[in-house]
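One chain, subunit A, appears in both complexes that follow, with subunit B as partner in the first and subunit C in the second.
Take a look at the complex of A and B:
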C-alpha cells in the first residue's frame, strides 16, 4: 500500500472553550484534487493553518509523505513541499512582480539566480503576467494579484498546494482561467486542497469533496454524494431545510 | 546671507544628516522587520563609541579596523539581544507583545546606561578620529574628522541600500517587513531575518556612535540626543521606511543647520538646535501622522 501524501489523524484544535477541530481524520493521496467545504466557522481555514504550520495542534498527528509536520515552522514546511495561498492576497507590494517570485524561488538557498529567474518568467508567462514582471506588485489589479500569488506558490515547486478561497471577488473570465491552471497543475501531479464557498468551482474541479461542520468531517465523497448528503444540506441550510 | 554661507550651512547640514541617517536606518530596519521600537538604540550607539575607543586604546588598532571591531561587536551584541530578549515578541511567548517590547527595550536602555557608567565612569573619552586636520574647499574650511566620518557613513548607507535591493537576503528582509506571514510561507525563516535585522540595526547604531565618538567625545549618555533625533527622523520618514529614514535625516539636518543661523546670537542659536527636531516631530504628527513615506494602515 502506498503512503498517503497527507495523512491527518485525530487532529484537535481548541481556541479557549471552542473546539475548532474535533479529532479530524483525513487521508489524501498523491495527485488528488480535494475540495474542502463547510459553513463559516466549520474549521476549514484552521485545518489549513495547522497543516501549513501557522497554528500548533492540540492533539493528533499530521504526516506529509510519512514525515510528521507538527512542530515545524511555516518556512520549513514550504521548503518541504507544502505551498499555500491566503484568503486575502498577501503580496510584497513594494517589490516588483519578478522580485515577489524570486523571494520564493531562491529561499531554499540552492537554486541559482539565473535558474530561478528563468522559472519565474516561465510561470509568469503561464499566468499571463510576464509583461508586468518589472512593475511593482502594488500596481496590480485584484485579479492580477491573485494570479501572482498562484505563480509565487508554484515557484516553490510544491508537492501539495493548499488554496484558501482563491476565487473570492474574481471576475468569471479570470475564474475560468484559474480553473484551467489548477486543473493543469493537478494533471502534472501536484496534490491540491481547495477551500471555496464557490460550489460551482468545487464541484467542477474536484473529484472528491470533504465537508466540515463544527470541526467534524460530516461527508467525504464525490460531488454527487456531497450534493445529496442530508448532513451536508443540514449544515448549510439548517435542519428544517426539507 | 552670502552664497558661501548658504553653501557652508548646506554642507554642514549634509554632514550631520549622514550621521543621523546611519542611526535612524538601524531603528527603521528593526521596526520594519520586527515591529519593535528599540528604546535601547541610543545605548547601542554609545556602546559603539566605547567599542571603537577600546579597540584603539586597548588593542592598539588603527581607526579603520576600530570601526570594523565596533560594527562586529554591536552586530553580535544585537543578535544576542534579539535571541534572548526580543524573540518573545513574535514567537508567542509574550502575552502582550507590544507592551513587552516597550518595557524590555526601555529596561535594557537603563541597564546599559548604568553598566557603562560603572564600567567606564562618567568621564569623556576622545578616541582617535579617522582623519585629522582641516579640508579646504575654496573658501570653505571643513574639519577633517567630520568630513571623513560623513564619507564613511555615506559609503555604509549606500552599501546597505544596494544590499537590500540586489541581494536575496536584502529581498528577504524587505519581504518580511512588508508581509511577515507571506514571507514565511514562501520559505523565509522570519526568525533568522529578525535576528539579522536586529544585528544590522545594532551595528549601524554602533557605527554611528564610533564615527561620532571622536567628534563629540564618548560618554555614557552620548546616545540620548542622537536617538531622539533618530526617532524624529523615522516618524518623519514613516515608521519602518528605509527611503523615509534617509530623506527624514536630510530634512532634519538641513532644518537644524539653517534654523540655527536665523537666530543672530550664536550662543542662543546653538542652545535651540535640538528643539527644531521636536518642533518638526509635532508638526508631522499633526499634519501627516503616517510620515512622508508611511502608509496609513501601518501600526505605530
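Take a look at the complex of A and C:
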C-alpha cells in the first residue's frame, strides 16, 4: 500500500470554547484534486492554516509523505513542498510582479537569480502575466492578483497546493482560464486541495469532494455523491439551492 | 541617457562634490559636515530597518551610543587600538540588536515602538548611572582615531566610511536578502508562505541595522573624543528620525543625505535655538503627509519623470 501524500488523523483545533476541527481524519493521495466545501465557519480555512503551519493543532497528526509536519513553521512547509494561496491575496504590492516571483524562487538560498528569473518568466508567460513582469503588483487587477498568487506558489515547485477561495471576485472568463491551469498542474502530478464556495468550479474540477460542517467531515465522495447526500444538502447545499 | 547611467553619474558628481568641499570651506563647516556623516550612517541604518523591513525602532541613537561606549571602553580598558574598538562597537551593537530583534519578534506597530523606547531608555540611564565606567553625564574622554589628525583628515575618513557603509547597504539590499526584507515589510504571512524565514530575517535586520549604528557611534566618539549619555536620548533619536524622514527613508542614500543636510541646517540656524527643532518637527510632519519618499525621493522622481518626458518627445 502506498503512503498517502497527506494524511491527517484525529486533528483537533479549538478557539477558546469553540471546537473548529473535531478529530478530523483525511487521507489524500498523490495527484488527487480534492474539493473542500462547507458553510462559513465549518473549519475549511482552519484546516488549511494548520496544514500550512500558520495555526498549531490542539491534537492529532498530519503527515506529508509519511513525515510529520506538525510544529513546523510555514516557511519550512513551503520549502518542503506545501504551497498555498490565501482567501485575500497577500501580494507584495510595492514590489514588481517579477520580484514577487523571485521571493519564492530565491527563498531556498541556493537557486541563482538568473535561474529563478528564467523560471519566473516562464510561469508568468504561462499565466499571461509576462508583459506585467516589471509593473508593481499594486497596479494589478483583482483577477491578475489571484493569478500572480498562483504563479508565486508554482515557483516553489510544490507537491501539494492548498488553494483558498481562488475564484472569489474573478471574472467568468478568467475563472475558465484558472480552471485550465489548475487542471493542467494537477495533470502534471501536483496534488491540489481546493476550497471554494463556487460549487460549479468544485464539481467541474474535483473528482473527490470533502464536506465539513462544524468541524466534522460529514461527506467524502464524488461530486454526485456529495450533491445527493442528505447531510450535505441539509448543512450546506440546501441553503445554496434553497 | 539610461536611468542606470544617470544614477551612476549623479552618484559620481555627489561624491566628487563632497570630496572638493574641504577645499572651499573653513574648519567649522568641515567639522559640521564630518558630524553630518555620523548622522548620515545613523539615518541610513534606521532607514534600512524601517523603510525596507517595516520594523519601527526608536533605539537607533541608543545603539550608536552603545557603539560609542563599547569602542571607547575597549580602547581604554582592553588596550585595543581604536580601529579594533570600532570592530567591538559593531559587534556589541549588532549583538544587542539581534537580542532586541528576538525579543520583539511578535510585536508590531505601537507595541514594537514602545518596547524599543524602553530599551533605549534602559541603555541611556545605565550609561548615566554607571558612573565608575562611563563617568555619567560628565562624559567619557575617548581616544582619537587619528593621532594628531586634522579636521580635514577626519572629514575624508568619515566620508570614506559613510560611502563604504552606503555601498555595503546597497549591495545587501540588492541581494536576495534585500528582497526578503521587503517581502516581510509587505506581508509577513505572504513571505512565509513562499519559504522566507521571517523570524530569522527580522532578527538579522535588527542586528545589521544596529551594527551600522554602533559603527557610526564609535566613529563619532573617536572623532569628537567625548561621549555623553545624551547621544542616546530620545531627543537625539527624534533628530535622526527627522533626518531619515525628510531625506526619504525608503532609500538609504536619501536618508543619509537627509542626515548631512539637516546637520548643516542645525548649525546654520543655530541662532534660532530650540525653535530649530520645532521647525524640523513641522517639516517632518509635512514631508510625511506630502512626500512619503522624502524631499530627495520627490526630487529624483520629478527629475526622472522629466527625463522620461523629454525622451518621449525626441
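Just so we're on the same page, the second predicted complex is superposed on the first by the 236 of 242 C-alpha atoms of A that agree within 3 Å, B and C clash if a C-alpha of one lies under 4 Å from a C-alpha of the other, contacts with A are read in each partner's own complex, and residues count from 1 in each chain.
Keep in mind that, in the parts below, contacts are C-beta pairs under 8 Å (C-beta built on N, C-alpha and C of every residue); 3 or more make two chains touch, one makes a residue touch a chain.
Keep in mind that what you see is a predicted model, and the values were worked out from it rather than measured.
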When subunit B and subunit C are modelled together on subunit A, clash or fit: clash
First (subunit B), second (subunit C), both or neither touched by A:128: neither
Subunit B versus subunit C as contact partner of A:176, first or second or both or neither: neither
Subunit B versus subunit C as contact partner of A:75, first or second or both or neither: both
Contact residues common to both interfaces of subunit A (with subunit B and with subunit C): 52-54, 73-75, 78-79, 83-84, 86, 90-95, 99, 102-104, 106-108, 113, 152, 155-156
Residues of subunit A touching subunit C in the complex: 52-54, 73-75, 78-79, 83-84, 86, 90-95, 99, 102-104, 106-109, 113, 152-153, 155-156
For the subunit B and subunit A complex, residues of the former touching the latter: 168, 171-172, 174-175, 178-179, 181-191
Touch list for subunit A against partner subunit B, complex: 52-54, 73-76, 78-79, 83-84, 86, 90-95, 99, 102-104, 106-108, 113, 152, 155-156
Subunit A contact footprint on subunit C (complex, rising order): 176, 179-180, 182-183, 185-187, 189-199
